[in-house]
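The next block holds one structure in the form of structure tokens; read it before the comments.
For clarity, chains are labelled A, B, C and D in written order, and residue numbers in each chain start from 1.
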Amino acid sequence: MQGADENSFVEALLKSYPELVEEARVLRPKRVSILARREKAVRLAEILRDEYGFIHPISAGAVDYPKDMRIQVIYYLTNPSQRFILTLRVNLPRNDPKLPSMTRVWSAMEFHEREVMEMFGVEFEGHPNPSRLLLPPNWRGGYPLRKDFKGEGVEV
Amino acid sequence: MEMETTVKERIFDRYHIPKPIYGVLEYIVAWARKFSIWPIHFVTGCCSPEFMQVSGSRFDMERLGVLPFASVRQCDCIMIVGVISRKMGERVKYLYEQMGEPKYVVSVGACPTGGGPFHDSYSIVRADEIVPVDVYIPGCPPRPEAIIQGLMLLQEKIKREVKIGARGG
Amino acid sequence: MKIFFDLLVMALTSVNSLLKASWDSILEIYSMVYRLIIGLPELLLRFVSLNTKPLIQIIVIPGLAFILLFAVIVVWFERKFLARAMLRVGPYYCGGRSGILQLIADFLKLFFKEIVIPRDCHRALFLTMPVILPTIPALAVTLIPFGADWVLFRAGGLSLPMFFAIAGFSPLIPVFAGWAANNKYSVIGSFRAAFLYISAEIPLVICAASVAILAGGFDLVKIVEAQSTIWFAIPQFIGFIIFFLGLIIESERTPFDIPTAEVELVLGWRTEFSGVLFGFTMMAEYVSFLSWSLLFITLYLGGYNGPNILGVPLYSNIFWLLLKLSILVPIVILIRGVFPRLRMDQLLRLGWYYLTPLSLLNLFITLALKLLGVLS
Amino acid sequence: MTEAQVEPEIMRISWGPQHPMSGQTRILIDVDGEVVHRLIADLGFTHRGIEKILENRTFLQGIIPIERMSMVDTANMGLGYVLAVEEALGIEPPERANWIRSMICEICRINSHLYAFGLQAESTGYFPAVFLWTTVDREVLLDLMERLTGARWSYNFIIPGGVMNDLPEGFQDKVKEAVNYLRGRFEQYWEAMVENATFEMRCKGVGVLKREEAIRLGATGPVLRGSGVDMDVRKDEPYAAYGDLEFKVVTEAEGDAMARLKVRYHEIEESLNIIEQVAGDIPGGPVRVKVPLFPRPKPGEAMSRVETARGELGVHIFTDGGMNPYRVKINSPTLRNMYVFERMAELGRILVADVPVILYSIDPWYLDADR
């Protein structure tokens, strides 16, 4: 059945690297979500890429939860042979959201991380080119996609 | 930059041409400018496929003498086609300042005119906040016939404007 | 010419008499100047009546009116013809349903447009280059014979090398203009223009040389006379094709309009010119196209000779030349509608690897023909 | 060819937003003479903040901004959002609605590939012939969509729960007519582009993207399939009616500009077959399931994948039980392809004249990259 390889992947991952993965589950056929610990996220990413064949990066995004003071960064990946979507999530505290950059593992994440940087204020260490991607260069502060964004950077 | 509507010195006052010849010369200048509006090859937003259809084969805007041109020096009309983001707004201002003097602006679509479906976005600029606009064309995206009607309105405006000398040659 | 001399004498005598500054000499000067003014209309009349022929040549046939009219008609024809290729109508409302006045409207609008001179450009060069640009090909057009004795500038029997000497200037202007405009696109465009012209000049010169050998002289009139039996396109078919390609390269038509490649370099070295200056550069493109196609016709398609159908030999000569021109121009414009643009290195490879050796081959073939005495 | 090790004097050209070649973006090129050393795509010129706007629109209102993300294939963009909303609400559109959705998406795909043809032709200076033929053929499709949905570009026709209303009578044979006309026209495109020697000289072997590079750099859509990888969401994860329509995924092996063009060409043939199958045997039945005007899905998240003309669009909706979505994350295909474009300068030797050909063989639509 389709779901077979997702479940088998999740069990294999939990069995071999339990300490890296906080929580891994299959949301629905073809959707797997893994919650990684913050400090071991890059280590888990390398393992996913080398051993489990997730070499095709799709994109990266983030969600802001002001109520429980956390920002969740999400990396969307897929495996050209099994072709289901894996969302690798990392929870970051809202006051100092720092994360080692994933461009070491997947160089295609550069654009997406720049976008998360300017939209959420998440700081990626080791990013090759941490400049603005979408917002205008003379944008005066204010992270638009955060829930408490009041439009500070807007000037006519 | 509000448009002075008072009657400024007419084009040919500078050359001290006797009055009776004014009418003929101005008519010729108006006719020439009317029939050769060269918009810049510059599309700012999501109405760009409609602008392509208008310069395409069925609704051919070259019938009116409107020929999209490549460089900003030779053009005399910016067609702001689609939504202008804040970053694009500065570019539109630079372009407007680089153009030769009889220059016109046509704002195509609901977004440059009044924000359209993105009216409450943090990175949207309306056309008249940055450049003085001559013709507004509603619609999201406006139909090709509406764009051509907007161009005809611009031609009418050019014809009247040369008479009152609002925009000198 | 005699009138000039006695005018000059009159002016000189009045000047030295003025130096003596005696009262009666001043009176004498006044009377002389008075007679000069009275004689002026009569003087002009005699001037015109004496040398009417060169005046007509300068103004009408190979001169200004012909070139400007050709530019207007070809631009209008090109816009309508290419519009037809794009399945649309082209300029329509501007001149009573045919759009013929569209070009006049465009030029008049450009005439009344503000000329924007960028601050950090070389002011003198920036203003003069577009004006010189159309004059050089226009000079070249004067060499073309429109009839056995209807040649404006005979160049003492050396009109073919004179044509290449004049046309040799044309690569310089884009380089100066591009440099004067001090804009990145212009600089790259002007260097490309220099590459393009050099890679096209050499094959053209060799093909023209082989035509001169076959005709036995450098004078264009003699070349045309030699073609009365058979057009040179047939014996020198390779040269014919090379010259046709060279014609398109030299006048920067589409498969080779790399210096002003719209997609990459906006308008190449013409980017910074606005208003009338741009009008001149646009016109210059068509004047150089006219000069090269006229040379192509005189060298390979038998210039002005053809059966005498209009009675007066001069009229039929001009008729035949214009007929051949009106066949050649649509073909070149059609090529613009059908072919995409070449890359710079592909053009240079074409110019150096293919055209030059082929033109040498053509030269050897003509020598062989000449030795075997097939033609003379 | 040994490159001289001297430090090349680099000149940076900027093909700004106002440039015949670049659409709504700025391409910075580090050039030494004609050789390109580095390409930088400066995006963001059409950033309208759609993800922020969607947070204060209800689920039904959200279709309008999403459809303006890529105006040329609006239905695919709208379908991505609608599928995610339907998954969040847990509703299933009826069978006939799925078939109509597939037909509209295929029409938009052809519409968008025509845009790609036109611009790739224009980038080689082939301006008059092919570029304006595409506007003629697009008029045929726009008339079809106007007859069905009333609008030329942004249809708002695909809504959660099905499709706005049924096919007008006589629409099926109008579709058949259009398909036959377009088939005839597309042979001319093949002769005009692939079999034209000069065009081939300009496109063959330009911007080669090998298979591993394409996967590693995250390419998608015709760019990925042009390098031999057969990843197509319509086959991997069939949505709408693609499960029971037969069509094959087109791939080319060379991975250069000409291969991407051929992929688009064959994809149009597949789309025409799909449209013909839908027009031929579309099942009867209702067109829409009753959905409240302001639906409130239960908290959670839903992600949909749709194969748009430019690649795989992913819409990830987070819901907190309210009328508006809590957060909508859009994975745009062009942003991924623009990264591939930037890396092209390092993969092989490119000349200034090749940059427009490569850029338009990737067929970018900057609005959906900037959201």
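Here is the rule we use: contacts are C-beta pairs under 8 Å (C-beta built on N, C-alpha and C of every residue); 3 or more make two chains touch, one makes a residue touch a chain.
These numbers were taken from a predicted model, which means no experiment stands behind them.
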item: Required minimum of steps from subunit A to subunit B, each step between chains that touch; value: 1
item: Gap in Å, rounded to a whole number, between the CA centres of subunit D and subunit C; value: 48
item: For subunit A paired with subunit D, centre-to-centre distance based on mean C-alpha positions, whole Å; value: 25
item: CA centroid of subunit A to CA centroid of subunit C, Å; value: 65
item: Centre-of-Cα separation between subunit D and subunit B, whole angstrom; value: 31
item: Per-residue overlap in subunit C, given as positions that touch at least 2 other chains; value: 86-88, 262, 266
item: Junction residues of subunit D - those touching two or more other chains; value: 19-20, 44, 47, 49, 52, 132-133, 136, 370
item: Residues of subunit B engaged with two or more neighbouring chains; value: 56-58, 70, 85, 87, 122-123
item: Which pairs of chains touch, using the document's own definition; value: A-B, A-D, B-C, B-D, C-D
item: Residues of subunit A that touch subunit D when the two form their complex; value: 27, 30-31, 55-59, 61, 63-64, 74, 76, 80, 83, 85, 87, 106-108, 110-112, 132-136, 144-145, 149
item: Complex contact set, residues of subunit B against subunit D; value: 40-50, 52-53, 55-58, 70, 72, 82-83, 85, 87-88, 91, 95, 117-118, 120-124, 140-141, 143
item: Contact set on subunit D toward subunit B in their complex; value: 16-20, 23-24, 44-50, 52-53, 56, 64-65, 68-69, 71-72, 115, 118, 132-133, 135-136, 138-139, 142, 152-154, 367, 370
item: For the subunit C and subunit D complex, residues of the former touching the latter; value: 82, 85-88, 184-185, 188, 254-255, 257-258, 261-264, 266, 336-346
item: Subunit C-facing residues of subunit D, complex; value: 11, 13, 15, 19-21, 31, 34, 121-129, 131-133, 136, 196, 198-199, 201-202, 351-356
